[in-house]
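What follows is chain A paired twice: with chain B in the first complex and chain C in the second.
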Partner chain A sequence: MLLEIEDLSITFDTAKGPLSATRQISFSLEEGETLGIVGESGCGKSITNLAIMGLLPDTATITAKKMIFDGVDLQTIKENDFRKIRGAKIGMIFQDPMSALNPSFTVGFQIDETLKIHCPEMDKSARGARALELMHQVGIPAPAERLKNYAHELSGGMSQRVMIAMAIACKPKLLIADEPTTALDVTIQAQIMKLLKDLQKEYQMAMILVTHDLGVVAQNADRIQVMYAGEIVESAKSKVLLQDPKHPYTDGLLSSLPGKKATAFRAPLPSIAGMVPDLRARPNGCQFNPRCEFADDKCKTTLPSLEHDQARTLRCFHPVGASV
Partner chain B sequence: MNVIEVTNLKKHYPIRKPFKPLRHVKALDGVSFHVKSKKTLGIVGESGCGKSTLAKTLMRLEIPTEGNVSLSGQDFSVMTGKDFHSAIQMIFQDPYNSINPRKKAWQLIAEPLFINTDLSKDECFKIACETMKKVGLRPELAHRYPHMFSGGQRQRIGIARALVMQPKIMILDEPVSALDVSIQAQVLNLLMELQDQMDLTYLFISHDLHVVKHISDEILVMYLGKVVEYGPRDQVFNDPKHPYTKALVASSPSILKEASDEPAIQGELPSPLNPPSGCAFHKRCPMATPRCSSETPVLEEKFGRKVACFEV
Partner chain C sequence: MLRFILGKLGDLVPTLIGISILSFVLVRFVPGDPVMLLLGERGADPAVYAQMKKDMGLDLPVWRQYINFATDAAQGDLGTSIISKRPVVKEFFDRFPATLELGVVALLFAIIIGIPLGIIAAVKRNSFYDYFLMGGSLLGYSMPIFWWGLVLILIFSVQLGWTPVSGRMSVMFYIEPWTGFMLIDTLTSEVRELDGLAPFWSALSHLILPAVAMGTIPLAVIARMTRSSMLEVLGEDYIRTAKAKGLSRYRTVAVHALRNALIPIVTIVGLMFGSIITGAILTETIFSWPGIGRWLVASINARDYPVIQGGVLFIATMIVIINVLVDLAYAVVNPKMRG
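Then we have the complex of A and B:
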């Protein structure tokens, strides 16, 4: 097991009182596996990843039973040791490549910097050769000239390729891709996702793919985990989850997508009424109950626990399709 | 009856640099289309293809370099402000940045009325409240400020503000792409209901092909300021002919199909300052021939739609 997380809860101290961003997140990741995390904005997708990377601000309180990456306990590790993991064993790609790159240095300098910090045994010429190799690997044409470019001289797709080159520079075991293609056009998106898949095979990396686009996870993830209001509501193998969603939220999300064969031209789309709850004033019981058509009194008072069976993990008293 | 008819619309931006010859960015280069009353035209293409310039030019926010736009038979450049704004209105992509945070909901919605009509404040308020009801906002919320609304509700304010002049045509520039998936469906449903109730004609700009396919009668595919394919929805999406449309349809991620092993097209959009010779797409095109790099294909009627390609 590469990554094991059990009962991770993150609370922020805010001026208006404590805000619980995530509650009881538990999941694990095998080596080489791709986990897709989907959910709406504010559901805790990014926060969970920042917690794994140890990048949360001081206002956050993290409690977890277990947070183990590659045999290292991430809760007790010292900041100095964390630096050796971050960027070396765990790589991360961010949503907006244009603002993730430093505008005042060349991209060659930025790739070199990563190598300098994490691979001290390499000398300058070895690093230069590696940077060139990386640029070539991520499919940038004329890599030697591109190394001398600044971020503003590159297109969005190119910048994302450079970000990927930096993230994989030290051959990480885990790559966290937080909305890697949201800012890009569809034809470029297809190219980048293909690149990530190829690199994953070559380096034997595990990947956490965070996105709100169900189409992207469906095509790329081995397993999908759906989050709602900071909790995991359902998790299963991609095919199982997409073809037979059990949680009413997953089901609602999938059926609200246009472009399925079942929805006729201009037919009203089934939608989930209401909005995501305010995380400072969470509803009692199941977090989804105010928007759920199957909710009864039990759902309004008791939070269902995360039940595991062979095929899936589910947090619901009334799964879709179950006899009532 | 064509509510909007666009003929050979061009918008060229001059690039003036000292000691260098004058050059132009051809953001729109000879775009023509027409939309019938109560129909929806979906406009798709990647960023930089001229979709938003088209929207801005149609709203008279940019002056076209060449070409004609007629709204219900009238030349749009000679219409008075009031006539023009009650003919065409626009909804913007980002509901967070497109509304003034210092105005109340009803003031935002009634603003076009203050500018274009002589109605009193009370009458404006009344109309604003009625419009709020139409878009699914409770009139009690009229005195709230934008930050008190969620993203979906703000987009509804944006819609109400466009509707208040009772336009015939609405330009929707990526109206749902800033919204979460569960809210997207709500807003799309609202847009379709309003179209039926108020006999609206939509120009629907989006990069999400599934959304466009769901709502549009006809599709216009743009690449680098030019139309490459234009025709009825079923023809264009189910049986695309232009290689660029094919690539778009193939790259669009879906929960129904497996990812293909090879990306549909390589390369990126060329710089509009320095477009390739001949067909703008030929450098990325899998079926390009020497002819494509020397001659520019024109839009021709083929297979029940218009395509600009030699190899179709």
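Then we have the complex of A and C:
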């Protein structure tokens, strides 16, 4: 097991009182596996990843039963040792590649910097060669010239490729891709996803793919985990989850995907009414109950627990398709 | 790049014309008559008075006077001082190094202390230190230079006796001007053979108080600017990237954040140089610093028209040149500005 997270809860201290961003998140990841994390904005996907990276601000309090990466306990690790994991064993890429690159330094400098801290045994020329190799691997034409470019001289897709090159520079065991294609053109999205998949195979990395686009995870993830209001509501192998969603929220997400369940041509696309709850004023019971068509009195008072069976994990009293 | 510099220097021409007209006219609006001041209030023979006025060309209408002045100025002749009878250009360059030295040291003082203070305040945001520093900066910013200069003299020169009260150099030493910067000229081999390092320390001790007095406002502004610029940059995505790469906190702040935070700071420092000159007029008067500030004040008191006009023109030119240098520095710190 490469990554094991058990009962991870993150609370932020805010001026308006404590905000529980995630509650009791548990999941694990095998080496080389791809986990898709799906959910609307503000449901705790990115926060969970930042917690794994140890990059949450000081206002955040993390409690977890277990947070183990590659045999290392991330809760007790010292900051200095954590730094040796970040960027080396765990690489991370972000949503907006244009602003994720430092505008004041060349691309080459920024790649070189990663190699310099994590691979002290490499000398300058070895690092230069590796940077060139990386640029080539992520499919950047004329890599030698591009290394001398600044972020503002690159397109969005190109910047994301550079970010990927930087993230995989030290051959990490885990790549966290936080909405890697959201800010890109649709045609570029497919290219970047293919690149990530190819690199994953080549480097034998595990990957956490965060997105709110079910289409992206459907094609790329081995397993999908759906999050709502900072909780996991359903998790299963991609195929199982997509073909037979049990949680009303998952079902709603799938229905609102164009071309999946839309029945008639030009029929209005179904949507899930309402909004993600304010995390400072969570509803009682199931977090999804105010928006759920199946909700009854029990849902409004009691939070369903996560039930595991062979195929899936589910947090719901009234799964879709179950007899009432 | 060369075109850019030439273009900027080209802007200098209209600026100078405008400024020369303004200073020319304004100076003549001020009550007081240089000839009268020269001759003394009493006992001026009207014939002598008229003759002197004619000799100085002050009997002509103002617009004729300006044409004469501008024609000479275009040829590099700014006239002669009414008081010292020496060419204004020469007078200016005799004094300019003293002001430049003071200004540069004051600004360096402000930068070297202000930027780190601002960075620490940003990193330790909302801490006691942050509040203390920003409160102090507000105080520094609000302090009138003449008052602050006097307080410094009172404490360090009068009470503690650590530094001289005024002047640029102890009368014990004679330093042959070379660069005009005392701190440099006192380190030449001849001076050191003769007197060792004593002249250098003397120059430094004379310089410290006026530099601090003059650098306090820029220091406060730079510290504030650094803090807010740093705070903005620290929230940027690329800082998260830097952390995610495994960089140390120090490297993240000192390299990745600072480099970007410097862009607005460079602009501010450039603007500060203009106010440094204003500060020079007050500071030099208080500390009897033999620079252009004090020279201008003296010439205004004497209604020494050529000196006032020439001095103002020189200062304007300097500020434009400094702005060009700032624009160049801007291109160094901001890759987006490089063509």
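Heads up, the rule we're going with is that the second predicted complex is superposed on the first by the 322 of 324 C-alpha atoms of A that agree within 3 Å, B and C clash if a C-alpha of one lies under 4 Å from a C-alpha of the other, contacts with A are read in each partner's own complex, and residues count from 1 in each chain.
Rule of thumb we're sticking to: a contact is a pair of C-beta atoms (placed from the backbone, for glycine too) under 8 Å apart; a residue touches a chain by one contact, two chains touch by 3 or more.
Remember, predicted model here, so these are calculated numbers, not experimental data.
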item: Fit-or-clash call for chain B and chain C when the two complexes are aligned on chain A; value: fit
item: Partner chain in contact with A:37 - chain B first, chain C second, else both or neither; value: neither
item: Contacts of A:185 with chain B and chain C, given as first, second, both or neither; value: first
item: First, second, both or neither for A:2, with chain B first and chain C second; value: neither
item: Touched partner set for A:219, first chain B, second chain C, both or neither; value: first
item: First, second, both or neither for A:314, with chain B first and chain C second; value: neither
item: Contacts of A:158 with chain B and chain C, given as first, second, both or neither; value: first
item: A:194 touches, of chain B and chain C: first, second, both or neither?; value: first
item: Which of chain B and chain C A:286 touches, first, second, both or neither; value: neither
item: Chain A residues touched - chain C or chain B, whichever exceeds; value: B
item: Contacts of A:147 with chain B and chain C, given as first, second, both or neither; value: neither
item: Least C-alpha distance (whole Å) that remains between chain C and chain B when both complexes are overlaid; value: 10
item: Chain B and chain C contact sites that coincide on chain A, given as residue numbers; value: none
item: Footprint of chain B on chain A - complex, ascending; value: 40-41, 155-158, 185-191, 193-194, 197, 212-216, 218-220, 242, 252-254, 256-261, 263, 265-266, 268-273, 275-276
item: Residues of chain C that touch chain A when the two form their complex; value: 236-238, 240-248, 256, 259-260, 333-336
item: Chain A contact footprint on chain B (complex, rising order); value: 46-47, 150, 152, 180-186, 188-189, 192-193, 207, 209-211, 213-215, 233, 247-248, 250-259, 261-266, 268-269
item: Residues of chain A defined as touching chain C within the complex; value: 53, 55, 83-88, 91-92, 94, 96, 99-105, 113-114, 117-118, 150, 152, 163, 166
